[in-house]
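Dropping a structure here in structure tokens format, bear with me for questions.
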């Protein structure tokens, strides 16, 4: 069931956000026959971050609209990614901080054994800080789930 | 106090671990006159991960041995990175999981305003899972602190 | 101070919500001379869940209105029950999820030793999920406190 | 994608542990063509609780040994169930408390839409308290995941 | 049910640890007819901190040995105090840190309305840091419960 | 790097809030050449507590306005203090509770070794409880950070 080194789905999801050449990352993902999307969201509300990612994933056919199974897999991956971003409590405005994030969602088969099936990776990268321009530092998060 | 786009310390710390060409990342960091180190640690004990990073950071003069101020900055950055890795409770073996991680520590001045001084970024990337070979998925975390 | 097998207060509180025959459970509780109430609440706000349970417990004389000691016991039992429901952060709408819950509160003496006095159990059972009809799974929680 | 009222997988998993007539619950589960197992574990180490459930689920063919996808689904369901049991931090002996638990694992198709596929429910019920006989109260937890 | 200004039980518990003149605090507590004890504990294990406080509280008749009701009230007050000390996860050695603490337990009636009965306050004050002499800063915590 | 017994910055910050003679504490702080401020805030929103402390610290020149480095140090100290106050989740109104707090911020050099530089302590003391007059108990929290 080993994780294939050329199919590290989480690494691809993060590289889509921080690589010098995201186009190259996108190509690698497509060459594997996987699906991916990315986008931007800035908010003081964690729920808006969740919604932005869910909407993008549906619009880009990463997850099937109306199939809860897939939404459930995506939701937990998003929350796990948010835990990396928030480091302690999944809260933004309620503790007076805001985020400016880029996100990516990748769906593919990262394991050698094909029975391991499809997995989903959600990555987040951007800044977190006070609601004052520039009073912020970088933050990252990634969640991975079977789908 | 804006974060300088070419000095995104957290991004560099993560690229050191996942870039196609980490040598190029290392060069960029050195060109900025910053210090960085990286290493590996695998364990079922979070305390071993903390210790490995602290030891590497001291040996490579990223933080000054014997100066608590700097150890304190590093420690909190490590714990924040571990929150991304563990997503919920900073526990490994006690909830029957193990990690195989690479880590990087970067110290530099990411802000345009030089009075913002030095900051430290700790990044973690690798796998987390059951103590059974291959029963694991990727994980990432990053912590940033002023130093 | 052993917990009496026929007076398992938490089990009764949960059976009130999920048993085939809740009437039978209610009878067992009344035969012990205990007090119980149950109700329903659906919300994206955890505070509304707390309020619904507190109100029901006061209206049904499970806790004495105006006595903080009893409200305090109830409050912590509710929060503990919510931790089972939310599994990680006691948040609903702020992480874009909603609940449809039934709740029960039981007050009685579950221990053989009468000096152990009265205890309170709060149980929650229902669904948690996205604010989209059907995109939800079951959830349960229980909190127990001395009162 | 509605959750079918007669196929409430989480409710079945809990009833297996607390019903007056668990045999009846077992029969209902089997009539649906689902798989289930149950067992006991007492420990001051959360990792032992995780291991006991994983072992039982494998031995009873609830999850397929050697398929990480299924172990991953089970693992997260176990941790979610433990969050209900521990209510705050998934720790036992490290905060000087111990559990005596019964557990159940049920695998089946709880949704009307067959495309929603299989899900897994892990339930825990028993006592938590000080490592002193009788100094304990009841506790419950349930985790649900797509598998 | 107002909290009486001269009977602020939590404030007394903290003053016992940090006041210039703890003797005066002790006298005030005794003049109210309340019971109190204090002690010291240093450890990398949170369970040792819990045990030290529980033992002291029993030996000094703050709580009644063998009565779970009172142990339960004390235990939750201790854990709440530890949350202030640890600020995030109730872990010490497992995240490579250690504490040197003084603790106090006070039992009394802080409310004007005598029906509010007895409450217990647990306070902790000392240092937390790396297992290296001097690499530490101060920390405080307090838990309050009805008993 | 030992913490100097007469310069326990956290203890001073707490004494400013609970001492019989806060004037004396203030004098001791000023004799050390340190800066301190204190104030009051009551709210059901944690973000208001954060904002009140940040504003007071800036107005009283405890931290330099426009320097993110210092705001970052203060912010994390505030959140750590709030963890002591909230004991579990840094939430107030969203779990139907409110606080009435006094806060203090102290900035100074607590260590013998002058290279350890300046540190900041944030203390909180007051009451937490239901949004019903008198239905509340005391709470405390303290956060310490290098600045």
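In this document, chain identifiers A, B, C, D, E and F correspond to the written order of the chains, with residue numbering beginning at 1 in each.
Following the convention adopted for this analysis, a contact is a pair of C-beta atoms (placed from the backbone, for glycine too) under 8 Å apart; a residue touches a chain by one contact, two chains touch by 3 or more.
The structure displayed is predicted, hence computed values, not measured ones.
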{"item": "Between E-F and A-D, the pair joined by more C-beta contacts", "value": "E-F"}
{"item": "Pair from A-D, D-E or E-F with over half of its contact pairs in common with B-E", "value": "D-E"}
{"item": "Euclidean distance of C-alpha centroids - chain B vs chain D, Å", "value": "36"}
{"item": "Centre-to-centre distance between chain D and chain C (centres being mean Cα positions), rounded to whole Å", "value": "20"}
{"item": "Residues of chain A engaged with two or more neighbouring chains", "value": "1, 68, 72, 88-89, 91, 94, 111, 134-137"}
{"item": "Which chain pairs touch, all of them", "value": "A-B, A-C, A-D, A-F, B-D, B-E, B-F, C-D, C-E, C-F, D-E, E-F"}
{"item": "Residue ranges of chain E in contact with chain F within the complex", "value": "1-3, 8-11, 14-15, 18-20, 80, 83-85, 87-88, 110-111, 119, 121, 123, 125, 127, 133-144"}
{"item": "Touching residues on chain E, where the partner in the complex is chain C", "value": "1, 66-69, 72-73, 76, 111, 113, 115-117, 145-146"}
{"item": "Residue numbers on chain E that touch chain D, as the complex places them", "value": "45-47, 50-51, 54, 68, 71-72, 75, 79, 82, 89-91, 94"}
{"item": "Of chain A, residues touching chain F in the complex", "value": "88-89, 91, 93-97, 129-130, 132, 134-137"}
